[in-house]
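Next come two complexes built around chain A: one with chain B, the other with chain C.
Moving on, here comes the complex of A and B:
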């Protein structure tokens, strides 16, 4: 039974409403970030971009930005590599403990992140490691590399193993097969996993909360200011971090078509 | 070929296993070890006792466990009801809009959870986006909508919507259209098709979605802190307090073990029943 036109329209409206619901709070933060007064109250009477100038000039914000970037950058690279091999073990090869491995990977994703952060803090303490942003990288990896693995695994499932077998029959070594066949075929998955890894690390705060020691990431600073000692910079810095992710996503979405155009134009 | 497959599989799994062993399983062992240490110690070289667990029971921490699980359950049920029509539409009705909705929902995940919840605080508070404008336009306002239990559940529903929506849509996509068509041709009512075709065939998606949302919501902390303003204390909050203000690691560890035991057993039972290969689309 096909849905009637009315049902179709109703469901479309429902979908649009859901999207609006998801983004409404960001609209409120956006308005708050351009309010002139120090104590926020709606409706906003005077608009001003002064907080942006202040946030961009602030040393604290620059330090936070640098640490967030370093953490997200390292997390991205490591989880791409670990996730690539993990996905092959997850989806491609039939080995003895594959079922167990698949389930083990899901566990960290299900785990409450704050508690995971605390557990890591105790573990670092037990082996005498002083927490800093380096340990936050480790904390992010526990949660993000399984997600990267799942994303690459989706690609690895649609991968035709006979290609590798053919190459092997032609006399390729395992390393050659990896370089010439497996990596190029899984590359789209690896790139999107990297994008996810960066953005999830960039926005994550429950894992950083206890594992950064004296350092602090952007989301962590925001959370601290929200819970105690409100600063009018909170909405502004919040919008700036969102703008950072949006810019990266825009680049990631546009880059492939630019590369294609560039390839198509004949090289002189 | 088969032997090679096995060797390569184990080899490829090694980096991930090392990572998870050192940074996931080992910390859990440390938490378990700390939970049986005497009160307020910061290393593991003490005579083990179970005083922390006694404390957990005596101090009545079960109420915060009950709050966390209860609110997570309500949020999961609400999310299922909200997401079912939407997931159904994504899998069977929308054409291009499925992609738009998918991208839109995924993008919202990249915005830090605390910024989005903070946005709701600004929207719902007294003098916020809703109340402030109502008062400016109609002259009458109301007290803010924050700091109660329903708003915490609202926050959980908001944050975990994607975790219900996507597995449900995936599950519904697995229902063959022929089965529904055949049921209708044989005279089944809509309700009957829902009960006997749609729900059973979409069950893997329902299980994954329900499990994810429930488990994540049960361990959530930011919703009750930012939106609920300590109207109720949830177990994850107790764990944090024991570690930070309380400076009592064994108590915090024992509380964490309670949370881990509940969430872990639900997750393991659930995860062991689903076939990941089928859900993620193995072709062979």
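Moving on, here comes the complex of A and C:
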């Protein structure tokens, strides 16, 4: 049965309302970031983009961006590598402790992040490691690399093992199979895992709060400034953070078509 | 045909835990022949082919290729190649990249390997424009040809096939069977082909090896397997068949239930009293004996027509003999039985068309 016009209009309205509910708060932060007033109040009386200039010129903000970028960047790369091999163990090979491995890998995701953060902080103290953004990388990895593994494992499950056997039959060494067959076929999974890893690390607050020590990431700073010392610099930096994520997603969306175009150009 | 042995196995055993997949088997494959290994699923044929190409190791026994032991050589160093049931075409590569893959691994220059890939596309009657196509843009039959081209690019000593046609529809399978036989003739390579389909094996191969429960039951040319099977299993596996258990009496005559084999026939088959044996007659050798039949057939049976099946080029009949035994009879279309279902008929056939299977 075809939906009537009324049903279709109703569904459209429902969709729009859902999107509005999800994204209007973000728009509100956007408005707050261009307010001239020091205090958060609506409606905004006078608009000013001065806070963006100040944010971009500020050493503090630059340091925050740099630390968040370093943490997210390292977490992304390590998660992709660990997740790749983890996914092979998770989905591709049959080995004795695979069942146990598949359950253990889920544990960090089931712990509330605050508990995980606290546990890691106590652990770092116990083994005399001074917390800094380096320890935050470790903390993020404990939580994010299992997620990356699961994302790549979905891809690895649909992987036909006879492809590797065929490659070996045609003379490939183990390393050549990895380079020619396994990595290219799992690459889409590895890329999405990388995207998730970056976004999850970039926006993470609870783990960073416990484990960055004297350093501070963007979400931590935002929280600290909200609690004390609010200025429109807070929504401004917030919007800059969102812009970072959005830029990454945009690249991820456009990249495949660029790769396709590049492939289509005949190569001599 | 050249009778040089290219591949030989002796005392090959394969066990998986408590399960013995192959029981000490021996085989010689001749250079340039098309050998089909046929058996029901679970008979060990896939296990055997995996041992040949090195994807599994034998528990015991030896494999020689042109006199060199290869059972200890890793798969990637054996000069053999296999076409997989799933074809195992690399989905992230184009048709050309797939065909060139073994050459790339061998370190051949891009220009040379592209030239070779185009030659192979010609050989397999695929348009040269397919070189840049993606695998998922190819039809089932085209994929088969790409997989073959890739295997031929490897230029193996022996080409192994693991039921590559089993997933295709009937018409396409028939076409590809012909192409494969033709390709075998044109390339002169040794083909070892695994299948569970008698038809496929009969249509293509020079020799057929029948496998059952991890052993070879019979290895012989297709005609011999069809007309002179060594066991009931082979007889029944290779198409429709009439089997009559024989009781050889002191007089030399043998009773087959609904008819009796005269002493001259039992003497010809070398049967003596007490020998356990089964008489086999293929359905197409049995005919209806009517008023117009000039000579008396060697053997005859009276029975009732139970059913008629139209097989297209032939007709098949189910007949119940007077003692209740069921017979299958096939005639050409123009020799179709004229009467009705339920009619009583006389069937006849020649002793020359009988075959005796010894043993229980």
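Methods note: the second predicted complex is superposed on the first by the 246 of 268 C-alpha atoms of A that agree within 3 Å, B and C clash if a C-alpha of one lies under 4 Å from a C-alpha of the other, contacts with A are read in each partner's own complex, and residues count from 1 in each chain.
Everything below uses one rule, namely that a residue touches a chain if its C-beta (ideal position, glycine included) is under 8 Å from a C-beta of that chain, and two chains touch if they have at least 3 such contacts.
Every value quoted in this text rests on a predicted model; they were computed, and no experiment measured them.
Participant: With both structures lined up on chain A, is it a clash or a fit for chain B and chain C?
Facilitator: Verdict on chain A: chain B and chain C fit.
Participant: Looking at chain A, does chain C or chain B touch more of its residues?
Facilitator: Answer, by number of touched residues of chain A: B.
Participant: Is A:176 in contact with chain B, with chain C, with both, or with neither (first, second, both, neither)?
Facilitator: Touch partner of A:176: chain C, not chain B.
Participant: Let me test your reading of the model: by the given contact rule, A:227 touches which partner, first (chain B), second (chain C), both or neither?
Facilitator: Only chain B; A:227 stays clear of chain C.
Participant: After the superposition on A, what does A:165 contact: first (chain B), second (chain C), both or neither?
Facilitator: A:165 contacts both chain B and chain C.
Participant: Taking C-alpha centres, what angle do chain B and chain C open up at chain A, rounded to the nearest 10 degrees?
Facilitator: Between chain B and chain C, as viewed from chain A: 90 degrees.
Participant: Kindly classify A:204 by the partners it touches after superposition: chain B alone (first), chain C alone (second), both, or neither?
Facilitator: So A:204 only meets chain B here.
Participant: Just chain B (first), just chain C (second), both, or neither: which does A:252 touch?
Facilitator: Neither partner.
Participant: Taking the superposition as given, does A:191 touch the first partner, chain B, the second, chain C, both, or neither?
Facilitator: Touch status of A:191: no partner.
Participant: Once both complexes sit on top of each other, what is the least C-alpha distance from chain B to chain C, rounded to whole angstrom?
Facilitator: 6
Participant: Output the chain A positions appearing in both contact lists, the one against chain B and the one against chain C.
Facilitator: Common to the two interfaces on chain A: residues 165.
Participant: Which part of chain C faces chain A closely enough to touch in the complex?
Facilitator: Touch list, chain C to chain A: 53-55, 75-77, 80-82, 84, 86, 88, 90-92, 101-102, 105-106, 150, 154.
Participant: Inside the complex, what are the residues of chain A that reach chain C?
Facilitator: 160, 162-163, 165-173, 176, 180-181, 184-185
Participant: What does chain A use to touch chain B in their complex?
Facilitator: Listed in rising order, the residues of chain A that touch chain B are 1, 3, 7-8, 11-12, 14-15, 18-19, 21-29, 31-32, 40-43, 81-83, 85-86, 88-89, 91-98, 101-108, 110-116, 118-123, 125-126, 138-139, 141-142, 145-146, 149-150, 153-154, 157-158, 161, 165, 174, 199-200, 202-206, 210, 219, 222-223, 226-227, 234-235, 238, 241-242, 245-246, 249.
Participant: Using the touch rule from the top, collect the residues of chain B that touch chain A in their complex.
Facilitator: 1-2, 5-17, 19-20, 23-24, 26-28, 30-31, 34, 42-44, 85-86, 88-90, 93-94, 97, 101, 104-105, 107-123, 127-129, 131-133, 136, 158, 161, 180-181, 184, 211-212, 215-216, 218-222, 225-226, 236, 239-240, 243, 249, 252-253, 256, 259-260, 263-264, 267-268, 271-272, 276-277, 280-284
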